[in-house]
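The structures considered in this document are given below.
In the two assemblies presented below, chain A is common to both, partnered first by chain B and then by chain C.
Right after this comes the complex of A and B.
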């Protein structure tokens, strides 16, 4: 009986593992295929049936480097996504603190309202935002994009940090207040260390969202502040084959964030399961 | 007190970013402060990339001008430049726009009228192209390259089947040929045509087909005339041809997909932009470069509207901060000297086609591009003022020159793609297209 149950348990474990790998491979396949395509010639990239084995070439990367300055775009992407994340956190932490520990009867409504701003399609406010940026001289500037991205991501960042703060037992905060901690000290020495995994994963998510945002970065920049999304867009062609070059450009564009995500994977998972394992 | 601390951090952060921005702005190009910066918005296609490469010559000749490029995908570019020009953002000095937008934008006063120097030789520009880029006789954009549509076929397959192609084929002949060379077992399909929905994709071809079958988009009072016998006949022909002799999944094939199919030897025939002629004759990009035959776009009963006319052109928005420098660049990039320069650097076959008579008179070009004479005749025969057999209130062969056409064309394109896949019948598709276009025209006030 015992062994039978063991094998049954084992086989179920196996089944889950296989299923997990299958889903992971399925999700990763497009990225893998893009990576592969970036080493093909243009004709090989569109060949039917698709080729898995081919003579790899670096010509796409060489041509991309000749046509556009990758590092300039990459610098903009890093500056904008990191900048907007820091700014969003600076605004969101105090907001979430107030809402989770000193809620009023309007707190729920405020939270819902913040989320509702995400439901407006971006293109609906394109012209007003464009004119605002024109008037303030923020067109094609990194600061302009940092402000926009901060505002776009703020609802999500506030919501996430709010829910992480909610997980922190109120008693701990009451205890430190009894010991005479100021709000400042309470935040710095008690709350932030406790919620750090959550804040870190929120920051990561915000960086990834800003990194991938394409609508505003394409519409508000020309040359100076253009991030990697604009870099990718410049390799799609209306006439002529472009898949291999586009794949190479995309590979270059996602490489930094992919590596970054890889290294911070544990932090990210810990943060996302923060509430569950408490 | 404590709340001020946060405010201070935020202020410090913003000051930090401003300083970083200033630092970045000062470091690389500070010596370029006295140079005029021209921002050029363009699409990513072969000819434009050649121009980008050669533009350092322009900067050498004009040391007071610095060029900055914004390269975008066609539809993104259209949205991007429209937003900027309509809200007077002033971000661009030179725009790449098509012959569809040029007259519309010119009528709205968004473009600067061009007054080019004597030695530019405006009259050397091909007449239909120049007219397409003018409004009320005033030139608003100069063509960087122009194109019409034509028929490509595989000479080897046609010889095996014993078919000789006249210079001006008809659609009846085309159907017969498609049936004779169709060989799906060996991966060769009789005919490749655009099926991907979009006003600039399947509807560009289908509009020429409807034109030559005797139909039109609107009557003189702007009533849509889609559900009419001419459209039924044209769309019926198209669906029948593609379902019997087309490649699988044709409803997702646009220009690029068909280009890939033809260059890898999968298509017996292909009707599309003349600009493809150079691409499929290029050994580096095509497996069939030495076996391609060229002919005029097929006709049915009305000849004029059977081949389209399109030009990518350069224009200067009213909001440009340096219009004088922009005009100098425009004149350089579309001049005879520029064409000469491309020929010297990349060979005659690589020069931008469809713009100047002098290019087509050049014997070097005629030799390098055996399709040149057909392209020239196709462009010259396209008449944007009389695209259809019956009179029309609009201009444009494969488009209608009203701003609403992008939306209308794309929506009708969807229903035509549905008819192609067989998910709706042709009658249903035409009824739907008629109804939706009528609704659209009523909403925008063209009809009661």
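Right after this comes the complex of A and C.
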């Protein structure tokens, strides 16, 4: 009886493994295929039948830099996503600190209101934002996108940091205060080390969202400030098939964010659902 | 949720003089965020409302004048607008059904213990981190291209001929791409929700002789209902304004076959330069999104313990 139960459990485990891995490979396949294609020549990329084994080449990676100045777009992406994340953290950390440790009766309302600004569909304000950017010279500028991404992500950043601060045991802070620590010391030596992992994963989420944002970047940039989302979109023109180069550019564009995402998947749930699912 | 059953210290338990001292200083900490968001929400919205009552074309800015509800009557009598509303609804509903249906099944699958589970899960959620322009172009070119795409090569190899996805089933193609991007999101959220389910309760029900289907129907699904609602509402807000995937693949075509509301407004604004018309359309999008948002906010507010 015992061994029968064991074998049944074991065989079920293997069934789950086969199913799970099948699904995982299917979902990941487009990314894998893109990665593979990035090392093919343009001829091999469109070959019939599709080639799984081929002589790999790095020529596409060299070409996208030489012909399209890939690094320029990559720099824009880094500057915009990191810039907007730092700005959002500067605004959000003090606000979240105040709201989680010194809540007033307005706190809940303020938090909910911040979240509600996230519900405003970007396309509803496309025209005014476009006109405002044009009037102020922020069209096709990194500063313009940094400001917009900061504002788009600010509610999520505040919410996430708020929920991390909430988890810091109040007893620790109070014990410290009894020992005569000043607010400054308390912040630097107690709160910051405790909240740092939370702030880091919030920053990661903010970078991921800014990096992949593709409404404002497509509509507000043309050349100078265009980030990678807009650069990749330029491959959509029907002239010529540059699949291998598209793949190389895409691989470089998604690699850092994919790795960030893998590391922060658990915190992402909290951020993306505004704490509604933990 | 049961995991947050920690002892809550209320502010009243602090010495009163300390509390008042600290609370005076919180306003300057919160104000910058609030003011920034207030400006971001009000200024463009007021401008949208203002423009929506004007005849205002950027190609002919001198002819700008107040025309009351003219833009709204024009848009509401434009068949293209109603087509775009229909396409938006079709897009939102079908991607919701696909991602949540499959997402629930996959969440149960990845909740099981099997060798290499962690890596398999990481692979499965990866599509969510791919930027929309990359996803759309990879699918359009390398998978769905009617001649050199992998799908066409496979079906032709099997003697079935090839499908020209973007010519014959453009909306279906967009639905597939967006579903691929968002299935991992549903999976990730629902998996987190399942893992907070008390597994002893499941075991007990199993011991009592409950069939797997009954377990799913009467234990799993009720537990997941809130997470499913949250996923549905967050996805709806994103799906109402799907843009990049359409922008790089079909450009709204052929004809208007893939022009959703967001793309309709984009065409009006940045191709026709019709500020008034685009603003009126934008306002309608805002109203639609707000109807959904009200439900989302309620669901979040219920879970907020301040």
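Couple of notes before you dig in:
One rule holds in what follows: the second predicted complex is superposed on the first by the 187 of 278 C-alpha atoms of A that agree within 3 Å, B and C clash if a C-alpha of one lies under 4 Å from a C-alpha of the other, contacts with A are read in each partner's own complex, and residues count from 1 in each chain.
One rule holds for everything that comes next: a contact is a pair of C-beta atoms (placed from the backbone, for glycine too) under 8 Å apart; a residue touches a chain by one contact, two chains touch by 3 or more.
Everything quoted here is computed from the prediction, not taken from an experiment.
When the two complexes are overlaid on their common chain A, residue A:89 makes contact with neither chain B nor chain C. Counting the residues of chain A touched by each of chain B and chain C gives the higher count for C. Contact with both chain B and chain C is seen for A:236 once the two complexes are overlaid on the shared chain. Of the two partner chains placed around the shared chain by superposition, chain B is the only one that A:222 touches, whereas chain C remains out of contact.
By the touch criterion stated above, A:131 is placed in contact with chain B and with chain C alike. Once chain A of one complex is fitted onto chain A of the other, the partner contacts of A:194 are absent, as it touches neither chain B nor chain C.
Of the two partner chains placed around the shared chain by superposition, chain B is the only one that A:43 touches, whereas chain C remains out of contact.
By the document's definition of touching, of the two partners only chain B reaches A:67; chain C does not. Once chain A of one complex is fitted onto chain A of the other, the partner contacts of A:142 are limited to chain B, with no touch recorded for chain C. Contacts of A:182 after superposition: chain B is touched, whereas chain C is not reached.
Chain A residues in contact with chain B (one complex) as well as with chain C (other complex) are 46, 48, 91, 94, 126-127, 130-131, 218-219, 230, 233, 235-236, 241.
The residues of chain A lying in touch with chain C in their complex are 13-14, 16-17, 19-21, 23-25, 27-28, 30-31, 33-34, 37, 45-46, 48-50, 91-92, 94-95, 97-99, 101-104, 107-108, 110-112, 114-132, 150-151, 154-155, 158, 169-171, 174, 177, 208, 211-212, 214-215, 218-219, 228-230, 232-233, 235-236, 241, 243, 246-247, 250, 253-254, 257-258, 260-262, 265-266, 268-269, 272-278.
Residues 42-43, 46-48, 67-68, 79, 83, 86-87, 90-91, 94, 126-127, 130-131, 133-134, 139-143, 146, 182-184, 218-219, 222-224, 226, 230, 233-242 of chain A touch chain B in their complex. Those residues of chain B lying in contact with chain A across their complex are 2, 5-6, 9-10, 13-14, 17-18, 20-21, 25, 39, 41, 43-46, 49, 52, 68-74, 76, 79-80, 83-84, 86-92, 255-257, 259-260, 263-264, 266, 273, 275-276, 279, 285-287.
Interface residues of chain C facing chain A in the complex, by the touch rule stated above, are 1, 3-4, 6, 9, 11, 14, 18-19, 22-23, 26, 29-30, 32-34, 36-37, 40-41, 43-45, 47-48, 51, 106, 109-110, 112-117, 119-135, 137-143, 148, 150, 153, 157, 180, 183-185, 188-189, 192-193, 196, 226-227, 230-231, 234, 237, 240-241, 243-244, 247-249, 261-262, 265-266, 269-270, 275, 278-279, 282-283, 285-286, 288-290, 292-293, 296-297, 299-301, 303-304, 306.
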